[in-house]
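Before any comments, here is the structure.
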Amino acid sequence: MIVLNGTESEVLTPVTVAELVRLVEAPDRGVAVAVDSEVVPRGEWDLFEVSDGARVEILTAVQGG
Amino acid sequence: MIVLNGTESEVLTPVTVAELVRLVEAPDRGVAVAVDSEVVPRGEWDLFEVSDGARVEILTAVQGG
Amino acid sequence: MIVLNGTESEVLTPVTVAELVRLVEAPDRGVAVAVDSEVVPRGEWDLFEVSDGARVEILTAVQGG
Amino acid sequence: MIVLNGTESEVLTPVTVAELVRLVEAPDRGVAVAVDSEVVPRGEWDLFEVSDGARVEILTAVQGG
Amino acid sequence: MADFAPSTFAIAGRELSSRLILGTGGFPRLGTLADAIRESGTEIVTVALRRIDPQAQGSLTDVLDECGVTVLPNTAGCYTARDAVTTAQLARAAFDTDWVKLEVIGDERTLLPDAAELLVAAERLVADGFVVLPYTTDDPVLARRLEDVGCAAIMPLGSPIGSGMGINNAYNLRLIREQTKLPVILDAGVGTASDAALAIELGCDAVLCASAISRAENPVAMARAIRLAIEAGLLAREAGRIPRRLYAEASTQEAGLAEFHHPSDPQRAIPQ
Amino acid sequence: MADFAPSTFAIAGRELSSRLILGTGGFPRLGTLADAIRESGTEIVTVALRRIDPQAQGSLTDVLDECGVTVLPNTAGCYTARDAVTTAQLARAAFDTDWVKLEVIGDERTLLPDAAELLVAAERLVADGFVVLPYTTDDPVLARRLEDVGCAAIMPLGSPIGSGMGINNAYNLRLIREQTKLPVILDAGVGTASDAALAIELGCDAVLCASAISRAENPVAMARAIRLAIEAGLLAREAGRIPRRLYAEASTQEAGLAEFHHPSDPQRAIPQ
Amino acid sequence: MADFAPSTFAIAGRELSSRLILGTGGFPRLGTLADAIRESGTEIVTVALRRIDPQAQGSLTDVLDECGVTVLPNTAGCYTARDAVTTAQLARAAFDTDWVKLEVIGDERTLLPDAAELLVAAERLVADGFVVLPYTTDDPVLARRLEDVGCAAIMPLGSPIGSGMGINNAYNLRLIREQTKLPVILDAGVGTASDAALAIELGCDAVLCASAISRAENPVAMARAIRLAIEAGLLAREAGRIPRRLYAEASTQEAGLAEFHHPSDPQRAIPQ
Amino acid sequence: MADFAPSTFAIAGRELSSRLILGTGGFPRLGTLADAIRESGTEIVTVALRRIDPQAQGSLTDVLDECGVTVLPNTAGCYTARDAVTTAQLARAAFDTDWVKLEVIGDERTLLPDAAELLVAAERLVADGFVVLPYTTDDPVLARRLEDVGCAAIMPLGSPIGSGMGINNAYNLRLIREQTKLPVILDAGVGTASDAALAIELGCDAVLCASAISRAENPVAMARAIRLAIEAGLLAREAGRIPRRLYAEASTQEAGLAEFHHPSDPQRAIPQ
């Protein structure tokens, strides 16, 4: 179980960031990922394994002042 | 018939200003009278006769800014 | 003697407005004349005779807010 | 040599704070002393020895907003 | 203390020590009016003329007599010089005074004065022997014209009657003050104490208030508040305020500042 | 009258009836200071700490004792949290009080506070047992942070020290007032009486003045002026002012207005 | 783009696309005036009438002709209705136009209008067939009276001629705008671009500028600046500005905000 | 014309010809945003970071690409230095830019910045290689501290985000302008065109607008209005405005004034 964008998700871990990015149907640009509040650079998404209980934030651009 | 403070009043004319002042129960101070827009000094109230159709205004002090 | 634009001028009277306009070298447009504070329409300049002691103002456009 | 209220003073050390307070003719109330930026409570003035090179500030009340 | 006795001023030769003229309009009850008059310290109150109302409760005239204040009749409700003159003449007959607060209104919604009618009415009333105190706009030229025709004071508005907006155009008030030797009395617009203090600081000799006091939740307390504010403004004006400066001026001397050294710790807490 | 006894307020549990804190800086002579203190009715005056000056004339401490006022030391002249804390500790030793008016300045020309240093200094002094009265900007968030670290009051500026510009940002003062239960004391910027009245009307509990009084042409008269202005502002605030209206509200009733007819003459004087 | 073509307005039935009327006074050279006219995009410029001056350099009339602008004569310098009427009649004879910018001044130092004389002059000129554009105070009642006597526009001042103080009493301008269907043209007081934009946002149909442009260090650049400001103000007014709010309204959504946890480090940097 | 090409300015060495930074928040539709971007002429727009929303309509990133504008990510919604730093780092990863509009909010209702957290966050981000554009209060000392820690611009507020109150404290903005060589960008508070013109006239290099444009009834027209107002303000500032004068300065010469005499009729119309 991990917390994905604030919601507990039953995901088989370990799972890579890249898999989670696909899971949330993120666009292919303008996306960033933090695992337990640390940024995971795009280049590491394929290899970076998210372990059980991790908090994952997958963010993108929205309109903002 | 005269117009007394804006109201048509069936008053037998001629009538003196003094009689009209009594009629409206004016206080004995702080009162002024105009007949057809001309001031009638207090000293003339007893003798000043108001004729038919005249417009009589009998005024006194009210709160004002 | 007349008062021409505020200055006493020894001019032989009678004199026409048209002559005075030439005298002050007025431009041929944008000029107006008053004799003793009355406007003299352009059409009357040739005939309008200014008599002794008259005050003549010959005005034109200047920059103004 | 010590620095007393910003001025180098040739004072034989060790010297007590109390002696320095007398030296600057401080009033007997409303005075505070710092040695090397540390407050020396009044109660310790007699015993507190100032050693060579120390910076001593002896302060009192002045008009202030 | 004696040396702070508020300096007096005079209207048409009458010395006044209170710089607050109270409008009697808007007070919920005559008792409240009486209390407010006492708290305000005013010497002059305004009244209006209306038709005798048999239903009227109590006698305004008696209350004002008991308070020992002078009655200043106004011409409220008049929209022409003609009506204002007639009303003033009736007021003179009723109250036996030749003083009048001249109002000639030009607009029902804002109750702003009508400059031209006001000037004509003032001229006629002065010719008829009145002491004319005109309620006017904040127009400095109109103020001078009113002075030229012989008015006894200038009573410019700060903002519309009862609006409580205070002083909308302090610049014009300053011009009016500069150009005239007549008393200048701010009339209309005051909403609260600081407005009244400011008016006096700007150079007004007095302030006329009605609604600000009569319609406050607690009229009697507000009467006292404005009285004190006027006294404060006058004292401040005479005390000679400090100039406005673009930068600061220390109120504590630099000289004698101690110097501390804490080699152990960075000079500032942030950056760390 | 009793019923107008100015309501008191409290700082750190100490009840105060005067809402004016007087800065002692800038008075030409101690005698003037003493007279101003009496006229001002203040209970608390600020002082600074400086090196002993053998040339100093008279004893400020004695004068303040005779006046029976409480001394509130400040940390004027400090540009870092570190120096301010040390200065406060020295002041505590000198004056035997744990109250301090905390100043941490960030700019020599404007003497504006340094928000970050101020917050750090306040935190340290509160931890050290001080009753901290911080001289701060008009930033409502900084005010809350100062409250969070345990300050005993918020002392926002109206404009720079000694500038006499009054209140530059009334909106921020209102926000500070809304959000805190701490006493709010306007510190710096007051130029004259109406500024002080306005500060209280905006909801400040008290006003601190130094230059406005000490540097006025007549400091003693100005002390009284500002005292009265504060009293006026407080009374006015509690009396419940009238709302601001966009249009006028007549203070004289329409009802009963007389109607005149002068067929002879045109209704208005102009047009003729 | 077409859809932003500035909406036109009309004076006495004449459609105008420029909302800037340029006063020709104060320009150092006729060449500068000509350049400023072109940059300003104005269609109407004001001129005054003075005695023929043999020394005069160049012909103002020729320059204005070349620029293809309409001449609007003023009555500057007149202090009575009588002189203003005569001057207007002469202007009509000289320039062959029945339009006049009516000025009747009441004070030499402030050049403020004389309300009563202005009203009388306006009435007479309208009767004489003129299209009267009166330079007036910001008095809403006087504005209505000018409309009643048949003026073609209302030209209130923002502040005195050449003072550059901008708009001293926006409230009165708003009242004037609300009450009339006539074009309202801010005349006098503009100091810089934002003043002109504000005037239009307040509801004025146009702005008249002389000194703000002619006496700027770079008159031609200022002509363009004020032209753009007027266009900006008009667009903004028609675009429907956001309301003023007492508190903030986020421009970024809260929804979707990430939540981070750094157990290692305190929530805030200060307190530490 | 060439000679009025708006002068450019630079942030962190990047030359910019548009002085309007557009906040993308609050636009009802992406199409409107795109049109507003084009009308505004902006080169930089701000965006925020939020969790992926499967329901999201259209791609903001694509729209901004098509418009050819640079994306400036903000840290909206962060209340601590810690969260702001993390958010900035994520933004760098997402948008491949090291520029960040740093927001650290201290209060939910006013969205005012938290001075101390902001300073700490700025310091950390500069150390981490960011080009930091801090949204800050109008506190000149905080502005200097932000400059000291290496920020690339100062972005003070005029009033709270989305409040449309304009500039509450022009004095502080002037101080900030005087003391720094960094670009000063007014951020937050603009309500309409004249606010933007004024900001530039006060010396700001640019203006950031979101709500004023995005929430106007017609955002596209308002985008153009504010663009023109900024251009107007810049031209006016560079053209050298006339000084503010206390009295009038005639824009029409006295010399050559005609003198009329009408013995028949009184000099003035009133008094009659």
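Here the chain labels run A, B, C, D, E, F, G and H in written order, and each chain numbers its own residues starting at 1.
Following the convention adopted for this analysis, a contact is a pair of C-beta atoms (placed from the backbone, for glycine too) under 8 Å apart; a residue touches a chain by one contact, two chains touch by 3 or more.
Just so it is clear, the structure is predicted and the values come from calculations on it, not from any experiment.
J.: Would you mind naming the chains that touch subunit D and likewise touch subunit F?
T.: E
J.: Which is the least count of steps on a path of touching chains running from subunit B to subunit F?
T.: Each step joins two touching chains, and the minimum needed here is 1.
J.: Please work out the Cα centroid separation of subunit A and subunit E, and write it as a whole number of Å.
T.: Chain centroid spacing, subunit A to subunit E, equals 70 Å.
J.: Indicate the whole-number Å distance between the mean C-alpha point of subunit A and the mean C-alpha point of subunit F.
T.: Comparing mean C-alpha positions, subunit F is 54 Å from subunit A.
J.: Centroid from C-alpha atoms only, then distance subunit A to subunit H, rounded to Å. What do you get?
T.: Centre separation, subunit A to subunit H: 35 Å.
J.: Where in subunit A do residues touch two or more of the other chains?
T.: 5-6, 34, 37, 57, 59, 62-65
J.: Could you check subunit H for residues that touch two or more other chains and list them?
T.: Those would be 23, 25-26, 48-51, 53, 74, 76, 86, 90, 110, 112, 116, 119-120, 145, 161-162, 165, 210-211, 250-253, 256, 258, 260, 262, 269-270.
J.: Mind pulling up the subunit B residues that touch subunit E in the complex?
T.: 5-6, 24-27, 29-34, 37, 39, 41-42, 57-65
J.: Which stretch or stretches of subunit F touch subunit B in the complex?
T.: Counting only subunit F, the residues touching subunit B are 250-253, 256, 258-262.
J.: Which positions of subunit F touch subunit D when the two form their complex?
T.: 23-27, 33, 46-54, 56, 59-61, 71, 73-74, 76, 86, 89-91, 93-95, 161-162, 188, 210-211
J.: Taking the complex as given, what residues does subunit H use to touch subunit G?
T.: Its residues touching subunit G are 4, 23, 25-26, 48-51, 53, 74, 76-77, 80-83, 86-87, 90, 109-112, 116-117, 120-121, 160-165, 191-194, 196-198, 201, 210-212, 214-219, 221-222, 224-229, 231-258, 260, 262, 265, 267-270.
J.: For subunit B, which residues count as touching subunit F in their complex?
T.: Touch residues, subunit B against subunit F: 5-6, 34, 36-37, 55, 57, 59, 62-65.
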